[in-house]
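Same chain, two partners: chain A is paired with chain B first, then with chain C.
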Partner chain A sequence: MAEIRLENVAHSYDGGSTFALNPISVTWKDGNAVALLGPSGCGKTTLLNIISGLLTPSVGRVYFDGVDVTDLDTAKRNVAQVFQFPVLYDTMTVRQNLAFPLKNRNVSKDVIAERVEEIAELLGISKYLDIRPLKLRSDLQQLVSLGRGLVRKDVPAILFDEPLTVIDQNFKWTLRGRLKEMHNNTRHTLVYVTHDQTEALTFADEVVVLNQGNIVQTGTASDLFLTPQDEFVGFFIGSPGMNFLDGKVNDGAVMVGSTRIGTTLSATTIANGNVRVGIRPEFLSIDETGKGLPVEINRVEHRGGYKLVHADSVQGKFVAKLDNESALVAGQSVHLAFHPERTYLFRDSKVCGTVNVKGAK
Partner chain B sequence: MKTYNNKAWFLVLPVILVVSFTALIPLMTVANYAIQDIFSPDNRLFVGMKWFYDITNDTLILSAFKRSFQFSIQALLIQIPLGIAIARIMPKSGWKASAALVAVAIPLIIPFNVIGSTWLIFSRKDIGLGGYLLNKFFDFDFTSDPIDGWGLILAVDVWHWTPLVVLLVYAGLRSIPEPYYQAAAIDGASTYAVFRYVELPKLRRVLLIAVLLRFMDSFMIYTEPFVITGGGPGDATTFASILLTNIAVGQFDVGRAGAYSLIFFLLIQIMSFIFYTVLTLQDREEVTKTK
Partner chain C sequence: MTLVASQLSLTHNGEVFLEDISFTASPGITVLVGPTLSGKTTLMRVLAGLIKSDSGSITVNNVDVGAISVKDRSVSFVYQQFINYPSLTVFDNIASPLRVQKPKIKKDEIKDRVHEVAQMLRITELLDRKPSALSGGQQQRVAIARSLARKSDVVLLDEPLANLDFKLREQLRDELQRIFADANMMVIYSTAEPLEALDMAAHTIVMNEGRVEQDGKALDLYSRPNNLPVAQAMSDPPLNLISSSVATANSESIGSALRDKFGGTFTIGIRPHNISLKSEGARDIAISGKVRIAEITGSATYLHLDLENAQKIVLEIDGAQNFTSGSTMTVFLDRSAVYGFDPKTGATLFAPSAVR
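This part shows the complex of A and B:
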């Protein structure tokens, strides 16, 4: 159990011509569950391997509880890590596989036996303990692999590299719940790499969104959803992601095409010029007064509890998440209202202000 | 109704023809010799199984087989561990890996009798560097001491064929995915544990091939003892194939040699089958247990 601090950590796989990870400095509190969220190739696994010591960063230092561990090898750092696909010792039984990390550290036999039973119970693999993992289905194999990561109690952190990729969808929910429960009991520092936002948002106390080797935003699930700081976060978090439209700021008025959608609310005034207007599908509604942005409905998807309305506007395509009562059909022309405070203006893909929709005329 | 069309057999015909001329017909010629006593092409006598009975009581032949068998076991015991050890310390990538591979593979591309001649001269105590140096420490003369002769042939075989084991094991090691090593590092496994629980299980198949190839080749060793020791000193290095050649070509006793060849051939088949069965035991257990 430890606080993990990274200081200007960056990594290049090709000796410095391109960086898989740009300089990052963060501190993750002891006992926190941190999710690293991002698309494939964004540097999240690189970051994880740097923490576990499988990779030495090209620059920067790694600290556990204030102690510099950058030059320590993986075994000495004592962290646990679970990989994306099952990695098992073929010649050992499931029980021996689970006991292996403890055995290598000279833990007494009684403690090993007890811990192995406990973990097998937690993961629901007790009945497979005495057979070889090769004979198991791949999702069960992954559970054994996961168990090897969880079996040690004295680790400073447990790192997960998309551990639930091969697990069946239904069982994923159960397992996430059990991991969460285990975390509440043991308060290990957890770092969890995933590209699945649901997983990240349900699992973590703190979500770190990575893109192209940079941390774009850190925060809780609702921070990321309600106040995205970056176009990428808006687009990547949420299902479907944020809508973006080309707009203009003209003396404090925000225009999309010829529709004025509001005035800038930002304390600092925003210079006139082009902006990108971002709005989540959840924060759009039908404007009965006819003052909103005129759009033509393209397609209506019934998703049970809500409707997804795909629409075209002069400035591009739109998706709105509307409740079931709204009677809409394809081909219909309507006006859309933007939710106050939830409409963001972006420049160079960073947020530069919000919109005061009440100022719309 | 399922339709049957036997025309596909014609496609197999070329293979049957080729195999007939390369293997079946020569082998049947040998089988033909083995049941006759041939004095000259026109003067032959059917003797049935006589040669086979003779051979089972022939101490010369039996001790030659025993010698070959001991030689193979010793060659395997040295070459397999040595090959694994060398493959493990070879560079994994970059120009160093290529350089190491080329260096290791050199003995494999030298003709057998060149190897024999080279070692023959190298090991002589009067004009050979190796023989001269060895004699600084103890008396080494492969032309008169049976143990020295045996040791030299074994050393030549190790030098010549360990590279094959190295190449096979090296390829096997390179095909182990990186996460296995990473997981072992996370689990705190020692170097020995990584070898024992990660590498060795993954190498099982290439080691099976290495053991089979090395057993067959060393059991049939001919050129090196022929060139270096000529089967001596005494009969210390008269391995099964050396004796076979003496009987067939030297004494022109083709009937006995034919029977000898068939038994030799069968022995190799049986031994290879035993090795294969033992080494793949685990695989078959797994197949039968999963449904």
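This part shows the complex of A and C:
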């Protein structure tokens, strides 16, 4: 297992006129699970391919445990890879497919047999070991593919490119848990590319959010959810994402329309003027005192365990995540309260302050 | 305007694909929910006329469409894997089915219709581009626009959002709902995700192993499923299943704790958000388990617990909380949210009285 370090790595597919990945320098600790999360076209797969050696970066160096591997090809880097769709040999049985990466490394027969059984058990494919993969459903084939990526213990890193895309919705929950458990036990260095926030957040020790070729924020699931540093992170993490409203800072008072929603926590550092006020749907509640922001409810979605309440205010649309007990209907006018410490102010899409809601009046 | 499917069955090489499927769709959205291989795609292909069923009939506005060839049916199909003509512009992609329609549609009207649907799907500024210059989400919008431009009586959407990014899915789902709400057509929309059915709050049909298991309003299917497959199809995260013989913390079985509901051994179903770390009412059922892992998303924590006899449950807890793997703890099932299923037939024995 290895620490992965990128030094000023950037990539252009067109000889330098546009960059799919802008210069980044990061270090990922040995044994960590890292998720690269972002929308399509954000540069996450480019970054993964640079680490695996499928792509040589236009600029910068890649180090595994301090050793420069930038000019080594994938085989020499010795990493294991799992792709979005199954990659298997159909002339071999599932067992032989799983054993193949080990056999190639001259691992002893007994060790191979034991390891193959262990991985098959983890992935729930033990009963398919002696059949050929093409006889299996595509999601089972993908499990075999996953198994091949996980079977070796001596790799510096295992790289996953959207590995659960073809896996059934229900089974994804089980599999994700098993992968995480496996990682807790083996502490492989894992790099995992996905556009699915639930996968990234639940699986990784560290989530790297990418947008338009830049890393916008890196952190744990809680960091990204509770303290987004950038509007994009507010929007992209969470389902639904953060609400943003046009507001104003006026001598420390935070105004949305004519409602004063609170005071800035660091009044001296936030200059007067326009701001974007960001609050997650989870941190809005109904203000029974009538002091909160007046809104009109336009739609209530019943999602089973909770309700999503869509509302309009003078300064924009809102979504609030409320529990089933709240009896609200479309057309109703209510006041919304903002959670103290969880209301953020943004300028030029970066966070510039937090609102102290206790100062509301 | 209605579509009536009546007793559709299809067997191929001894394998049953569709078994006695009957339902009625009215203008607006009808959602087909079910796991992979439940027969959703096969049913759609039969509705489109791409495959013939062995028996049964389909009528649209009281006309049996069985004898009408595919190209003469008023049906549009949008696939999971969006399909556009790569050499045509977005405008021509959307216009193409209109140009071959009979009776002939005037050029000006074609232009108007393309612009109308492009505006609905917010792709007006893309009309001159080729599909290769579009993102996946934009390409799927084009495919949907093409199906709408035809103004078919029936529009079939087979997991149209499955290949899109998570965030795009969220956005497009909201928009489709808005678009189809006003459209005077029968939209059949298939998905593996119960949240999509709940979001659309539409007429919902749960399929499983080629059968219609239940038909009704999404929220009713969620709260009052006829049987276990329906409860499972309508739960995400997955429904926890435990045998009623599992011991409670004060060493009764869950079954005896629920004796007033049902005697004997049965299968307990409870959704992850209905199990809590602390007792919220005296009638909660306490059970003990060992922590396997905790998955934190920031807004919630999914705690996986091992119970006795290799049974497993998952709890959904608000916010981020850490747990030590291997430690033992007691958790509480909200008794008013417990389902009971017959362990042999899967039939619902009892269900919560309110939505939980």
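To be clear about the criterion, the second predicted complex is superposed on the first by the 359 of 361 C-alpha atoms of A that agree within 3 Å, B and C clash if a C-alpha of one lies under 4 Å from a C-alpha of the other, contacts with A are read in each partner's own complex, and residues count from 1 in each chain.
We take it that a contact is a pair of C-beta atoms (placed from the backbone, for glycine too) under 8 Å apart; a residue touches a chain by one contact, two chains touch by 3 or more.
Small disclaimer: the values here were computed from a predicted structure and weren't measured.
Enquirer: Overlaying the two complexes on chain A, which is it for chain B and chain C: clash or fit?
Expert: fit
Enquirer: Quick check on the superposed pair: does A:G304 touch chain B, chain C, both, or neither? Answer first, second, both or neither.
Expert: Once the two structures are laid over each other on A, A:G304 reaches chain C alone.
Enquirer: Applying the touch criterion given at the start, work out whether A:D168 contacts chain B, chain C, both or neither, answering first, second, both or neither.
Expert: Second partner only, chain C.
Enquirer: Touch test for A:M255: chain B only (first), chain C only (second), both, or neither?
Expert: Neither partner.
Enquirer: A:P39 in the overlay: touching chain B, chain C, both, or neither? Say first, second, both or neither.
Expert: Touch status of A:P39: second partner only.
Enquirer: Name the contact category of A:F100: first (chain B only), second (chain C only), both, or neither.
Expert: So A:F100 only meets chain B here.
Enquirer: In the overlaid three-chain picture, which partner chain does A:V59 touch, first (chain B) or second (chain C), both, or neither?
Expert: Once the two structures are laid over each other on A, A:V59 reaches no partner at all.
Enquirer: In the three-chain superposition, say which chain, chain B or chain C, touches more residues of chain A.
Expert: Tallying touched residues of chain A, the top partner is C.
Enquirer: Shortest C-alpha to C-alpha distance from chain B to chain C once the two structures are superposed, in angstrom?
Expert: Nearest C-alpha atoms of the two chains are 7 Å apart.
Enquirer: Kindly list the residues of chain A that each of chain B and chain C touches, one partner per complex.
Expert: No residue sits in both footprints.
Enquirer: Inside the complex, what are the residues of chain C that reach chain A?
Expert: 35-37, 135-137, 165-168, 170, 192-195, 198-199, 201, 219, 222-223, 232, 234, 236-238, 271, 273-274, 292-293, 295-299, 302, 304, 314, 316, 320, 325, 355-356
Enquirer: Could you please specify the touching residues of chain B with respect to chain A in the complex?
Expert: Residues 179-180, 182-183, 185-190, 193, 197-198, 200-202, 286, 289-290.
Enquirer: Sort out for me which residues of chain A touch chain B in the complex.
Expert: Residue positions touching the partner: 49, 52-54, 73-75, 78-81, 83, 85, 87, 89-92, 100-101, 104-105, 132, 134-135, 145, 148-149.
Enquirer: Looking at the complex, which residues from chain A come into contact with chain C?
Expert: 39-41, 137, 139, 168-170, 173-174, 176-177, 180-181, 184, 195-198, 201-203, 220-226, 235-241, 280, 282, 301-306, 324
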